[in-house]
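Sending over a structure as structure tokens; questions will come in a sec.
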Amino acid sequence: MSKVSIRDLTYSYAGAPSPSLSGVSLDLPVNAITVLFGPAGGGKSTLLRLINRLNDLVEGTSRRGQVLLDGEDLYAPGVDVTALRRRVGMVFALPLPLPGTIRDNVVYGPRLAGVRDRGRLAEIAERSLRQAALWEEVKDRLDASAFSLSGGQQQRLCIARSLALEPEVLLLDEPTSGLDPISTAKVEGSLFALKESYTIVMVPHSVQQAARIADRAAFFLGGELIEFGEGQQVFTAPREKRTEDYITGRFG
Amino acid sequence: MTARLVVQRLGFLLLGLAALIVIAPILVVVAGIVVRGIGAISWEFLAGMPRSGMKEGGILPAIVGTLLLTLGTAVVAVPVGVGGAVYLSEYARDTAFTRAIRLAIVNLAGIPSIVYGLFGLGMFVLFLRFGTSILAGSLTLAIMTLPVVISTSEEALRAVPTEFRTVAASLGGTRWQGIRTVVLPQALPGIITGVLLGLLRAAGETAPILFTVAAFYLPQLPHSPLDQTMALPYHLYVISTQVPGMPPGVQNGTAFVLLALVLLLNFAAAWIRRHFRRRRPW
Amino acid sequence: MKRSRPRWSDFAVEALIRVLGFSTVGFVLLIFAFLLREGLPVFFKLPAAALLGKLWYPTFGKFGGLPLILGSLLVTLLAVLIALPLGVATAVFVREVAPRWAREFLKPLIEVLAGIPSVVLGFFGMTMVAPLVRQWLGAPTGLTAFTGALVLAYMSLPTIISVAEDALDAVPRSYRDAGLAMGATRWQTTWRVVVPAGRSGVIIAGMLGMGRAIGETMAVMMVTGNAARLPLDAAALFKPVRTMTATIAAEMGEVARGGIHYHALFGIGIVLFVLTFLINLAAARVIFRRRRKGGLR
């Protein structure tokens, strides 16, 4: 069974002329990196936010279809949204540290969930920072302000922050768009390591990045899912003409 | 070409003149009160009890009374005001009812202070039978201060970037958890500034306390919230208009103390606002 | 994950916050209710003709409100007449003309003015302005409508300046840039482009300033002389006058609770409440209409 299943999902924002997502059906496999790529406005970020129900905060939207996690409908009545968001973590396009120290940032989620024991929090902090490949750089200054880190470090801090809750799925929305190539490489490297234990769904910021890391790839255009398949296959021998046009740069 | 620049020069000069007409008297008033009042300030004046019908001795009860009233105002206006602001900023949707709330706030802000005094008399002194007391006076002042606290607090809350709320939600926080752990702490300096500005207005008001708490000659300190008390603004009013033969030193001294208290709160508010604006990371 | 764990503390806190949000509406209604409770009787006991009479002599049973209403209007309108141009000019100066270093001390000073208690300004007016009025304008005591208007104008200035500043701030930068790009001087741009764009803001400033002025009590009480006479000619400007607010403040202390005088004073309170309510409602309408039209004013 796939980890996350999207079934015939159609979604519109209030007052928009056309839906952001139309009839999308997709199975996201566990312990793999699935990449959602395509030109801007294709609905990729919207889809991510529907998986952790972050779009609940937006008013006036309409939704048809299902989003399933381990076979359970996420939008069924009575679903505990905050518990869901601990199982499905998200990293945003811009590094967004919360005001406070590095340590505060990393343990923010567990603290909200009720973990009080200092020792336990320290373990969580170290584990998460290692997984995000940031531990060595910050282990001596956990009490420094999170804003004293560089952009790339801040983004890895945000990854660590999400990992601290030990989610099952990690959603990343163009996580390296503001970063230099070295930081990008470090982030991509940690994602490779992380996919052993997590299901990763990512919107890349370039086709090249998608090709580098994707186990599975989904091409979105204008809210529709055009093609979905094995990473290697989609980028070297796409089935659809539109996919090929986009990858080769004929539009985009 | 130069004609237009001459016109501009003149125009700007006129505007500057207007600004001068506005600003200069402020300095004159403050300087005038300071210069004429500072001579009366002595330890006895500040810490002593009044004697001989206010013509001698000190104004300690008035100072204490004003401080107590200000404290009482804060105790009520801060929770209600900040709570209301949190509602408007974080929870309210754009419905007719929310607009009614905003209209109510604008109206509360515009109600004349003497009308607040009447309301305080009718509701707290008479209807609820608190009598003329610190309790009645504080409650009246608190409702009067509410609009300022709500407006400035709401502004401070809205200034906190939305991204923080989104991040908190994405990490499994409820709306209130996000507010409690991130938004409120970040908005706190702005909120405190607003509270101080509201309190300094409450401290200087006379009309709302005329019928709800103020007493003129009460040479003792209040013991309980149900006591009457002297208060600086009312005191200044009475000794400058109702009592013949009052030595001007006492009048100027009282004016000085009241002005000093208000200016102190003003500077504190401005300092907090500037200091924390520099330090904030966003 | 299916069953949502009830978080009672969250529920309770959110409910409390909602209640606090609604409280302001409750307070307005409460205030109006109490004013009505204590003030309506006078409208039943005395006919409208008597209430609008020309004599306010409570000791003789005369409760004609006309001198008080006219007194308030005279002082208020004159105050706004003085303060509005001064305030708008100052706002334009601070926002468009003054260099940054000047702004740093102008704005705090205006805030100081906003904070000065009205009784202190009244005291200052009484002891330092009134004597000047007496000397230069020949008024016997210097406590006149004119003095009151002067002091009141200064008290309304912070409100007017603040609203005018907001209006100027809301004018997009592109307007100024467009004006300058067409070769206009900064002065021309300011007067022909920016200020007209902020026109409704100026109107709102005037209205809110008036609301502020009409509600002022202590300062006017200390400098207007408090004679409840009808201000019907130009000379009345330099004679004492009494406002509605001062009447309540001065007389409430001595009335018998429940007597006709008591009710009459509350009746004046109702008039003041309704007046300021209408002014604020009108101002709010202008603001909402401006917002709904989107874009600018």
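First chain written, first letter: the chains are A, B and C, and each begins at residue 1.
By our rule, contacts are C-beta pairs under 8 Å (C-beta built on N, C-alpha and C of every residue); 3 or more make two chains touch, one makes a residue touch a chain.
Nothing here was measured: the structure is a model prediction, and the numbers come from that model.
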* To do: Moving only from a chain to one it touches, give the least number of moves from chain A to chain B.
  => 1
* Give the label of the chain whose average Cα location is farthest from that of chain C. => A
* Compute per-chain Cα centres, compare each with the mean of all protein Cα atoms, and return the closest chain. => B
* Asked: Can you give the whole-Å distance between the Cα centres of chain A and chain B?
  -> 48
* Structure fact -> The distance between the C-alpha centres of chain A and chain C, rounded to whole Å, is 54
* Intercentroid distance (Cα basis), chain C paired with chain B, Å -> 17
* Asked: Among the residues of chain B, which are close enough to touch at least two other chains?
  -> 174, 177
* Structure fact -> Note: chain A residues in touch with at least two other chains are 83
* **For chain C, residues that touch 2 or more chains besides their own** => none
* Asked: Given the complex with chain B, which residues does chain C contribute to the contact?
  -> 7, 10, 13-14, 16-18, 20-25, 27-28, 30-31, 34-35, 37-38, 85-87, 89-90, 92-94, 97-98, 106, 108-113, 115-124, 126-128, 154, 157, 161, 185-188, 191, 208, 211-212, 214-218, 221-222, 245, 248-249, 252-253, 257, 265-266, 269, 272-273, 276-277, 279-281, 283-284, 288
* Flag every residue of chain B that touches chain A in the complex, lowest number first. => 93, 163-174, 177, 181-182, 185-186, 280-282
* To do: In the complex, go through chain A and note every residue touching chain B.
  => 52, 54, 57, 59, 82-83, 85-86, 89-90, 92, 94, 96, 98-99, 108-109, 112-113, 145, 147, 161-162, 165
* chain C contact footprint on chain B (complex, rising order) -> 4-5, 7-8, 11-12, 14-16, 18-19, 21-23, 25-27, 29-30, 32-33, 79-80, 83-84, 86-88, 91-92, 99-119, 121-123, 126-127, 143, 146-147, 150, 174-177, 197, 200-201, 203-207, 210-211, 233-234, 236-237, 240-241, 248, 251, 255, 258-259, 262-263, 265-266, 270
